Every structure is written in structure tokens, then in C-alpha cells.
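Next come two complexes built around subunit A: one with subunit B, the other with subunit C.
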Partner chain A sequence: MLGPPIAVAVGVLAAVANPVPSDTNTARVLIGALEMALPLTAGVACASLVGRDPAVEIQLAVPTPYRETLLRRTVVTLGWAALVAALTAAVLIATGWWARWPDNHGVIAGQLTWAAPTLALGGLGLAAAAVSRSPGAAGALVTTVWAIQQFFAGLAQQHLPGRMLYLFATTRGADPADWTANRLTLIAVAVALVALALVVLGRSERLISEDDE
Partner chain B sequence: MRIEIAGLTKTFRGGVAALDGLDLTVPTGMFGLLGANGAGKTTLMRILAGIARPTAGRVTVGGHDLATTAGRHAVQRGLGYLPQDLGVYPDLTARQFLDYVALLKGLDDPTVRRRRVGELLEVVALTGQANRRLRGFSGGMRQRVGIAQALLADPRLLIVDEPTAGLDPEERIRFRTLLSQFAGDRTVLLSTHIVDDIAQTCREVAVLSRGRLAFRGTVESLTREAAGRVWSLTTAGPPPPDGTVVSALPAAEGGMRYRIVAATAPGPTAQPLEPALEDGYLTVAAPERSALNA
Partner chain C sequence: MIATLLYEFRMQIRKRSVWIVPALTLVLFVLIGGSLLRDLFDPAERPPEARLAVVGLAVQIHALLSIGFGCLLADRLVRDDRLRVAPILDATPASPGARLVGKYLGAGAATAVPIAVAFFGFATAYAGSSGSWSALPWALAVFGAVMVPGLLFVAAFALTVPLIMPAPLFRVLFVGYWLWGNVVTPDLMPTLSRTVLNPLGGYPMAALFDFAGIDGDDQWAGPFPGATLNFLRPEPTPLIAWLSIALLLVLAAAALTGGHLARLAERTRS
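Now for the complex of A and B:
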């Protein structure tokens, strides 16, 4: 849990230690860490929430619905990611690095840089884990989606649907005019994926093994 | 809480029937459920705990229909459940784990919760270990944490699935005594394949075999099922092929002395014996083997 914040903090400190006013590349890397590294971490963490609970049978037999418990764990996981992101963004804003990236979309709306992909990959991780019951498979799916968008960025943005679902529109976006719609689309997708996960998790029987009988 | 089960069927993917048209009534008090591994006990326990859904049939617990969400929630509010494979969070201490489960069971008041957790740690003799991480607990100690979590909300229905597996004799006796004391006007459903646990705690018992009800009645009547079918046979050779060997002891005069459940005498020198509960269980749970000798 401490790895990502420490890594981001070290990066920020290193960048702050050598400020060059026109250094947009470093600014892009720093904001890119928020847009790329943090969402991937959050997505994989959400993917590990389902399928590894050693006390799942006790959880399923108590009056508190297990999906409610999992939703709370998801909120804590994403909340932790949001806290790290918000603190990092605050440092970048205070040190002027935020403003150095021309497509930063402002201090307030610009926070969607990390919030939208973090929610989208978090939702994807949770939904994939709920459907597959395998944290490994769900984590692999999140990583694959992330890697495809990294390595085939141009291909992913050739058409409107691809641009709307592109995770890294702030630092690698093909068309800045699509940015707001892209961020809102990602959030909507995240809400849909979490809703799907909650529906699937409502079928408690899927969460226990049949092998014991 | 009276449990009424009618025509209960549970079929898993691939057409494997864990329960096959089960009809059973469980009254208030201690009730034993016997059966071999794979007989359907765990599936039945999970259905009664609201974890698994039946493929067909009807189950009511204290008048609540488990086919409905409201019914399942109502049952779970008064349920204590100790699963066969008790999983715990290894990084939590015993007290933290019980506190967490208590929260999930709706004990929202921290003062009440702390008091209840403390009482149960005392009951299961873990007060001195309460602040140790569960990672370092032995199987018996974890099982004691398991029974403590099951009792947290003072349940009206307690379902315990193979609770004494892995416990040493002293812990087994302590556990059985605890269950018997707890039962009172509650329903305690004890599922096990250890016949002695039933003999020491239950008046009534059901035997499952391949997902069906093979017997339901008192412990005494289950014992009587084996009347005239229990034999002692001393032989230097292998045990007879027919019947079920219950025990084998080296005989003082040489050879082995077998205790055998069989419909007819397994040999000319076989001597009839008084049946025990285990003999009755084997008679009803494995009738096809006894039938070979009929």
C-alpha cells in the first residue's frame, strides 16, 4: 500500500529539486504518473478484492450483505488512491509543475486527469473479479487494457468511441476537445461496471466452491 | 426455531446432485446430522445458512421461507454459523476478528460489542490469547474463535458443520459440552461424520446418504437399526468380504478380532454383539454393503 505513494513522492521531489521553467516534458511525466500509474495500481487492487477472502463463508451468513462489504472495501481502496493522487496534485500545483503542462484543464476540473481513469480501471477490476472470481484473471485484464491503450495509443483514438474510452486523454490525448466528454464517459463506464459487479456479487453462491461436497 | 425441509434438491453444474428430494423436520434443541463425506451435509448447511440456493424444494426456518430475500435475511439475523472450513483474517487478533464479525452481525454499539466479545473469549478460554494474531493460532484455537463468532449475536439457530474435525480429545469434549449447554430452547444443528459427537450430545439424529434421507429418529432407534447385525469374528486370515468392518483389534489368542456389521453371520465362529450407535449408522448409511450379505 505504501509503494505507490512513496514512488510518486520521490518522483515529485526529484522534479522539484531541478526546476526548469519551460520543462513541459517533466510536467507531462509527473501528471502522467497520476493519469497512468495510479489508476493501474487502483485497478489491480480492486481486482484483488473478490475471490481471496478467507472468511467468505462467514461473510455470506451474516445479515450484512457481502456485496455491501465489498463495496465498502472498494471505496476504501479507491479512496486511498484518491488521497495519494490529491496530495500529489497539490504538490504539483503548489510547485508550479501542474501549470507547466499546457493541457492541464485547470486546477479543479483537471483532477479528472487521475479520477476518471482510476474509477474506470477500479470498476473494471471489481467487475472482472466478480464475474471471473479470480483476482489473477481480473488483474491481468486490467493490466492488458491499460497496456493496449499505452502501446496502441494512436489506434485506440482513431475513432470517436476509442477516444471516449481512452484512459490517458490528458497527457496523450489525440484531441483536447474530446477531453471533458472522455472523462465523463470513463466515469459513466465506471458506474456501470460497479453496478454490474454488485448485481453479480448478489448471487452469493458463485463466491463459494462446490468442491467441498 | 423449527426447520421444515420438503423435497429439497440441489444439483450442481454437470448434473451432480448433492441433495435429492430431501424431506426433513428439525425441532428445537440439539439435532445431529450424520453422513459420509459427499453425503450432502455441507450443501444442506449452506442452504440453511442462506448461502446456497436450492435447485428445487422448500425450506422454512422458524416460519421464514428461505426462497425469499426477506426470509433469508430474517433467518440470518438469528443465525450462528460455523462453516466446515473456517477461514479467518490472519493479520487480525482474535479480539479484532470477533469485533469485526460482531459489526457485520449488527452489534453496532461499541460498548455492547466489546462486552459480548469479552464474554465469548472467556467462554472459549481464549481471553489470554485475545490480542494475538490469528496467524499463530493452532487449529483448535481457531476452531474456538469460530464457535465464538458463531455465538456473537446470541443466535436462535446455530449451525455447526464438522466442528470437531482436527480437535484433540480434550478440545472435542469441551466443544461438545459448550454446544449442549448453549442449546436450551434454541436449535443447534450439528453436522458431522464423527458418530461419537452425536452420541454424546443429541437426542435426535438424521442420516444423509447420497443426498437422501437414510434415517431420522432418536439416537436409540438408530442404534436399534443394527440389532442382530453386529458380529465379533476372530480369524487369522483376512476379514470376510461381506459386511462392514467397524473395528479390528489384535486378539490375545492370535489373529485379529473384527467387529462387523452384516445382515447375517460373517462366519461360522462369529458371535453376535450388542449394537452401538456407530453400527446403526453404518447399517442405514451403507445398506448396499449389508445387503450383499443378506
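Now for the complex of A and C:
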């Protein structure tokens, strides 16, 4: 619950502490908090949804399938992140900071700035957690994918898969012409990963055997 | 302490995720392209000196695999309370402090084994393919002076910080810190990067290994013109480099002591 608001707060702090005195740069940091920090918190939160139930046997015995319970948890987790992101975006739009970043892609489609990476990292977190049954491993994978794209932003732009799967295409040096295809690819990947997670979670007996604690 | 160290080591090293996470990280790293892992084996691209190649390899492996290392260790200490085995462990003759140190060294060492395997594996393959066998002593030296202190620093905070916040939140804040405190250059924003408190080991790399990046144009230590926190960036000398290593270890010890005291206070209350 704390993750998304903290992500926004860190972004605002970074914008205030930004030593480059330019409105464009401040706007980039603020929108960057929505595109970088907030999806990371959502992804790690989704990575922590599996493997934490102290009495998973009871969960598996109730009429609601466990994967449906996890899907509801995912919806709540991503919904909370989306609410915080949408409210922050509304504030940025109302105060004019949204418009000060030239590659903002408009008020409506521009919301894919945070929605696409949030869904992609959320899907990755859930799928990794479903496969590994370990919040530690799934969280490590999400943070590593995020960090690799941060460390090697330039290299990711040099080939098509890198450009399409790049999480920070709005605020970190991607070609604006690729933006829509990039956002749709991330959403498609998110759908595929959630589907994979649901298939894996369908074999619920995995959850009570060989616990990777 | 030794018994705790041994069982924590065995428990952790048998976890598949401890091996899978670094392996996937390396695969992603190679897939994104252009990393030194590939260039090391390309005679046209690889650094001219074994020392440069090995320190450059250490930077990349250390910077990337430490993230998974910290995330995987984040639930090790709080796990005892979550699984309600802490009271049973308290009933054993081992003192809580010794068990904490044993868990720190045992789980930390086991989680570092895949990192060491990757680093020495690539260093050996490079030495074999280039014929520069001096790479191996350089690899040992840089592992001991740069990677081990950094990993000890990360492990101490990864074990103890989740005592005061949920482990997932720690993982998010840790990767944010890792990027901010190691990778961001000081002229971009106020950062601990390139200071004596840098767990990536900028001072040892610059002063002990004369490393300034693969292309020789990176500044890993010393004052940055116009940057804040330059008082933490003295001119790099071997003495300052050793001081930087000592500071990282002192901070790790302080984090462990803080965690130990916090747990004792909680036990006293409950």
C-alpha cells in the first residue's frame, strides 16, 4: 500500500532536488516518477502476492479457486497503483507540468506512460511469483529487469525487441515514433504473463509442495 | 555461530532461486547487447590489458547481480519470526548475536556463491581465450577488495532493514538506492555515487587498480566539479581506498548491531 505514494513522493523530491534549472527537465523527472518508480513498486508488490499465505491448505480448500483469489489481489494491487498514478497525472496536468515535457503524448493516450510499464512489471511479478513461489526470487527478477533497462537504456534502443520492450519510452531517450507500438507491446506482454501465471496457479498442488522458503 | 553459519549456508545454497535469479540476470544482460560479457571474447573489442578487462567485468557483474543478491537476502531474518521458529531458536544454547552473525555470513556467502562462480567463470574463460593468465590474480584481488566489501555492506542492510519495513518495500527502495547511489553521476543530482561510501567500490577501483572505465574516460572517485557532497569525494589514494573499504564494513557492522538491538528490544516487549 505504501509503495505507490512513496514512489510519487520520491519523484517530487528528485524534481525539487534537481540541480538542472529547467522546466522541461523538472517535468521529465515528475513524469519519470510515474513511468519508472511507480511501476517498480507495483511490480514488486505483485511479486509478493504468492507464497505468503500462512495456511495455504485452507485457502486451497475454500470454494473460490486460489488463482481467482490471487487475481483479485492483483487487481487490487494494480488498481491502487493506477489510482495513485491517475491522481498524480491529474495534478501534473492541472498544474501544467504534464505539458512542459514535449513527448507527453497528450492527456488521454499519455496515460499509457504509467499504465503500460505498470501492467508489464505487474504481470512479470505475478508470473515470476507463480512459477517460483518465492516473493524474494520474483521481486529480485522484477527489480533486475527494471535496473538493466535503467543501466543500459541506450543499448536497449539498438534493436527492435529492446525498443518494443523498453519500459521508459516516454522519459528516457526512446524514439517517439516507436512509442505507441512500445506501449501496446508492453500491455500485450502483461496479458500474456498474467495468463501464464493463471495457468501455472491452476495447478494448485504446486503451492503446497517443495516450498522454496 | 559456526553451526548457524553452516546451516544457513546449506539452506540458502540449495534454494533454486539463488541460482536462477543470477542466471536469468546474466541472460538478460547478454540479450540486451553490447555488454562486456560478449566483448571479452572478441579480440577486436576486448580491453587491451587483463587488469582492465577483469576490473571492468567486476563492475558489471557487481552492479547487476548485487540487486538480486540484496533482494534474495531481504527475507532471511524476518523469516524466523514469520515462520514462528524464533522462539525455538532462542531456546538453543547459541546466543542471538552469534546466530545473527552466523545467518549474515552463512546466507550472505551462499547467495554470493553464484556471483563468484559467474565472475571467476568469465574471468577464467577470458584468460583462456586471450592467453592473459594474469587475469586470474587480478580477478582474485578485485573480488576481495571491491566485490566482497560491497556484498558484505549490501547483505547487512538487506537482512536488517526489513525489520523496520516490509521486505517488498525494502526491495523497491534498495534498487532505487542502488541506481541512485552507484550509477547516477554526481553532476546530475546529489548522490552518494563516487563517494567513499560507494558499495560499488569506486575508490578501491580507482586507487588500487588504477581503473578509469574500460575506455579510460570514467571518473570512479575524487571530487566532481560543481557536485554536492564533494567532501565525501577526496582525491583517491590507496590509503583513502582502504579507508573506504573500512567504512563500508563499519556501516555493515552498525546495521547488524542496530538490527540485533531492535530484535532484542522487541523480544523484551513481547
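Everything that follows uses one rule, which is that the second predicted complex is superposed on the first by the 189 of 213 C-alpha atoms of A that agree within 3 Å, B and C clash if a C-alpha of one lies under 4 Å from a C-alpha of the other, contacts with A are read in each partner's own complex, and residues count from 1 in each chain.
The working rule: a residue touches a chain if its C-beta (ideal position, glycine included) is under 8 Å from a C-beta of that chain, and two chains touch if they have at least 3 such contacts.
Fair warning: this is a prediction, and the values are worked out from it, not measured in the lab.
Once chain A of one complex is fitted onto chain A of the other, the partner contacts of A:41 are limited to subunit C, with no touch recorded for subunit B. By the touch criterion defined above, A:145 reaches subunit C but does not reach subunit B. By the document's definition of touching, of the two partners only subunit B reaches A:60; subunit C does not. When the two structures are aligned on the shared chain, A:95 is found in touch with neither subunit B nor subunit C.
Look at A:155: by the touch rule set out above, it reaches subunit C but stays clear of subunit B.
Between subunit B and subunit C, C contacts the larger number of subunit A residues. Look at A:135: by the touch rule set out above, it reaches subunit C but stays clear of subunit B. Residues 212-213 of subunit A are contacted both by subunit B in one complex and by subunit C in the other.
For subunit A in complex with subunit B, the residues that touch the partner chain are 53-64, 69, 204-205, 208, 210, 212-213. In the complex of the two chains, the subunit A residues touching subunit C come out as 2-3, 6-7, 10, 14, 17-20, 37, 40-41, 44-45, 47-48, 132, 134-137, 139-141, 143-152, 155-156, 158-159, 162, 212-213. The residues of subunit C lying in touch with subunit A in their complex are 15-17, 20-21, 24-25, 28-29, 32-35, 63-64, 67-68, 71-72, 74-75, 79, 83, 166-169, 171-176, 178-179, 183, 187-190, 228. Across the complex, subunit A is touched by residues 12-13, 16, 18, 38, 40, 42-43, 46, 49-53, 73, 76-77, 79, 81, 83-90, 101, 103-106, 149 of subunit B.
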